[in-house]
């Protein structure tokens, strides 16, 4: 299949269309505007619904409504806009509705800037909204993954009746690199909960409110049970040379691209290095760390933030003293050489 | 003898959690009757608000969805975009629609979304214990206006039906009241017109219903209806503002 | 092989298109490529730039701190990016809008009055193509054929425009700018 | 000639029906329902015209009317 | 000083008034309505500003405005409303404005219910908004602490130019218990950054936007430097018997009350138990854990959620296998006996 | 010769990031001149929007604060509550004010907050690359309406000045245009009236300024001004809607 | 000493006030106390209840799963909380509104038609005070004096009302309800 | 009699001033500023009345007017 050159934001859009998404609701924000614009064009072509909402709040709740009626629905934004969607995301998770939410992260906090960043890991992975819910969080690191993981996101969302977040950043969204637009065979998931009007069947309700004594506790247990299933089945992670490595670099998304090159550089210079690239940030690939019992291993976590995933690595690595961090926030992008230097320091 | 008045199909036979004399019960009945009379129950989807009517899904035998506080018009927009043949309506209080969710209301109305909004204006936040609403009357004492709503601080009560009437996307906007039998009958007619407008694909329809909250007006149910008639309709004139 | 190219100028000079065309041409020739634009508030009024990387190996980052090539279309961007050029790098400067070209003895510097040349050609907007032409003259990272193919992808169906830009490309290739 | 049937389990004792009945058919009773609410009951049964005003104002749809 | 009986929400309000807060902006939500109502009454009495805003979004941004002009400003809400405030909180943190935000947590996700819960730990502590910012998070566990910590919150906010969150829950907010309304000697912090109009001085700007190359990175470094200072100076924590204990129970807020009783019960039955009650959830009392090197120690984390702070304990305890968790979400409140049973199991 | 036209005190002498022919520059100047003529610079606080004018703090020599996208009226409310003697104004685009932030606008207006709003209606989201705004004209091609704004889907452009004019808390609401010299002079007068209203403690004042965005209208600056005159004012009539 | 008391009924019966008064009285007598209301949507229409705990030791939770005492003012709350009473607990039932009192042989049960008694007294709203009176009769956890003091704090300045409620308290204390 | 002074560092070449000048005093120049923008310059200098129309429309406040 031949490759084409599109910017990452457009790749996400095309993957959604190929995965059967016909309902997109969004509000412009840099650096993901190409995605909104792409959907505006493409939905006209494929007869889908594109709606520029009055705000991010409206967009996430339009997604809620469309999903409640059975559509594969999506919205996208960047950091400040995603913050505004937190209430809605918590509702969608609580109501067990599928939905795909794209965050093309930029520099924060506040208005920050529009440079690439990975500063919303905590928000995405630990829950920026209220309550004990979890998003499935997918972290692509190149255009091809943007395509493949976006398609996967819709299947996971339907399968688990859970919102899925694509956690990209301004670099991935703006960059063009060749991508193969494989045909996507979407999973057809039955949705016997969808609202269509109570015709020849009992009426249905979709809600996250459980006022009866003990009901919300039960509902939370049900959610947790689902999360355990997801943890058991959906962890995705790329590893390289970790059993022989002395230093394992851990990075996702954009910083993982750089990390790979740095690890290669280290190897060329005779250093035993490897890497772990989580693809699902939640569920986090805990087992990979737990399986590496060798106490002499050192972990270097590289993030384009001030240290967020590093806390998960510390938690899983057995002993946090083995974990070090390299990162900055606000548009900083690591250099391959600098990562390499950090690796060298650790051996 | 024939039964001339009974519970309509779409209204479940169950105890409601509303206070004695609360207008929500009457409004629920009217909506259910209209839906049954129009024969649209099997293609209708309701959206429950966050407000005293949050449990509406226990009361209407319909497909119903919840929405975050204030966001029913956005949720309805999403729903309607999936299947335009569904009849989609929201049922919202004055806090829900005119405070936190006024932007969603105005924009759905301006887009001319083909949905129906039943707007229960009881001049108070019932659910949370009687705080000021955007429609609270000047001087009205509430939990958050212990000396009465002060126009200097909060301005005049917002006139939703009139304001939305100015938007071209709105096909029907009317204010009615649950103050007595004739007005209850008019309310039903207005609700019917609103749903009919949606069935005819005409765009956004809204019925603002002046509705008693005896509890937080600190009145008996009978006094509450009198208050609507005497005081509330003075500030909120009844009528059709767009048709 | 790995070539990092920054094209920079002000909004409207078509520096984004330069980057995209070079990337596409690279892809056509079976290389790994990335293209990265500058964007946002920066675009307005200020300088605009794009980075293209063409490589035989995987490209870890589409951003270049020390590019091999700079196609500078106005003065501020020549200053801003010229100092970051790799030792031995290539600077192609649009001298129509750059009065004192950045001085570094370790660079190959080509001066070409692209804007005036484009003006003379009858299409001010072709200055960017002239710059590409000049680049092709100095480095054969991608072929003229691939560039022309790429051009027809990004600006399809504009026959007249196309002919003028073909001329512009050649004009750049032929200009003696040392 | 009409008849009203009041479901005590639904009645919340708001007395709106009493207020609107043109024939003063309804009165507060001394019976309380499962919640302890004193419900309303028809008294001057013969007076009822079946006009349904009481039912139309009842917020709890506790009244059925026959005619 | 004599004790008085008020509900927890009112205690927070009175503490704010005593600490010099004269600007309150809020939107009603259960279970914190008594606080909003209290401020409505009290601000009339003390000549302050009470404003019921049209929404939580408006409330947090009114706080931003009032704080920018130098006021001690506060807002309060409960879980869904706090989710809506995430963008504003991120801005306030990015702009380095002092502010006090109260979250009286309820059951989630989504609309959930109005029962007490501790399900917003992640949101408060890891950052529910976008970007690398930190809130100072104070977790009171009784009415007296509601009073004392609320007063402290205003001082910390001014001192560090940082938003401070009071993380309470429906139980603390609704409960009445005797409290001493001590006179509060608020710190007077100079605010040479306040906007008053540029009279006889250069104009000032307050912003979180840093578009110039490298500027946002620098700003983030400045913030991190501040966070390090806070970590060094402001950790607050109550511990009991931890050096001798075999089992250390870790709990905050409402669940800490129950934990104390359970630990006492365990001691009475001859079990060596102790507890750690973090009072500042951020900065988290990491040192307390790190200081306990004895590998035989077991930690039991008790939370009214599905496991959130437990991740911080796992991270700090040296080896996560030593950490176990007891908790549920959705209105569940642990029983003293059950906590005790869990302690027993661990010895 | 005497200088009869020069840069006013409050306008910093600096390059702006605006595109050639952008209306923001003219509007900035007018605001600065009014502030200087009224002599209120030293007690004025401005609030910058999120939109092309996000960097306004570099251009006005005033105390200035940022606000999240759409929230300037709420921020202004907070500010004004601290020191009512400060003159507080917001400067907002049509996305900022009429889309994401319309609720804050309406409620501040309805409360009658004693603030001044300069509302730049350029019928587009400039900052983010030319997407549809609530004020985009029907048929207008934007990044998100590739076939032109469709009234079926998005309804008619929102008329902010008229709509706010209906609210009793609003003391002054007017629409002006930067289309030519006479209208620029009228714009300045309107801005002056708006600030004067605030100085007199009269409540909420707003000036809606039709302003060119040549870049995303895909027009030359000269064409853009003609577009305002010919097309835009047809849909958005100039005038005073409340005084 | 530790006493956990639940007062329950429907909204408007004043069960919250019962709880607050008992808590305040406990505080006046130097005890540790907590008071916890039920609240929210539940309050409307459904049952309302409050929990008061009076103790000589610190109170870990203001919530009681197995109370010592239940003051039940209507039937649903009698059912709901009656089954949760501690063995040997005390149930005071307002028989005006509770037809078949919950049966458990391990309880002390006192039946008192508080609503009718209040009616006769001339103030329907005093039923809650009658219930407190009945409680004081059975258990001397707090004194009548403290209850009266607490009452004057929560409902200050309403002299007439005050007198009637004083009577109601005494009526409850004197009633023989076994 | 008037005079205009144009600051080339501020001028963005939008040409609005040219459009509004009643005396056609201003013309596009072939000089470009530091950004490479062809700025506007006064040509028929003697024609200028100092009416300030050009300055009033200039979005970049690049024009000073003397009279």
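Going in written order, the chains are labelled A, B, C, D, E, F, G and H, and every chain counts its residues from 1.
Here, a contact is a pair of C-beta atoms (placed from the backbone, for glycine too) under 8 Å apart; a residue touches a chain by one contact, two chains touch by 3 or more.
Keep in mind that this is a model prediction, so the values were computed, not measured.
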item: Other chains in touch with both subunit D and subunit F; value: B
item: B-D against A-F, pair bridged by the larger set of C-beta contacts; value: B-D
item: Between subunit D and subunit E, centroid-to-centroid distance (C-alpha), Å; value: 53
item: Rounded Å distance between subunit G and subunit H, as computed from the means of their C-alpha atoms; value: 86
item: Whole-Å separation of chain centres (CA-atom averages), subunit E against subunit H; value: 59
item: Euclidean distance of C-alpha centroids - subunit C vs subunit H, Å; value: 33
item: Interface hub residues of subunit F, defined as touching at least two other chains; value: 15-16, 18-19, 54-55, 66, 68, 99-100, 102-103, 107, 127, 134, 153-154
item: Sites on subunit A at which at least two other chains make contact; value: 30, 51, 54-55, 57, 80, 87, 91, 95, 110-111, 207-209, 211
item: Multi-partner residues of subunit C (at least 2 other chains); value: 41, 45
item: Residue ranges of subunit H in contact with subunit F within the complex; value: 1-3, 9-10, 12-16, 19-20, 37, 50, 52-53, 55-61, 63-67
item: Residues on subunit E engaged by subunit G in the complex (per definition of touch); value: 3, 5, 30-31, 114, 171, 174-178, 254, 257-258, 260-262, 333, 335-336
item: Residues of subunit G that touch subunit E when the two form their complex; value: 20, 23-24, 27, 32-37, 39-41, 58-63, 65
item: Partner subunit B, residues of subunit F touching it in the complex; value: 99-100, 102-103, 106-107, 110-112, 134, 151-156, 158, 162-163, 166-169
item: Complex contact set, residues of subunit D against subunit G; value: 12, 32, 34-37
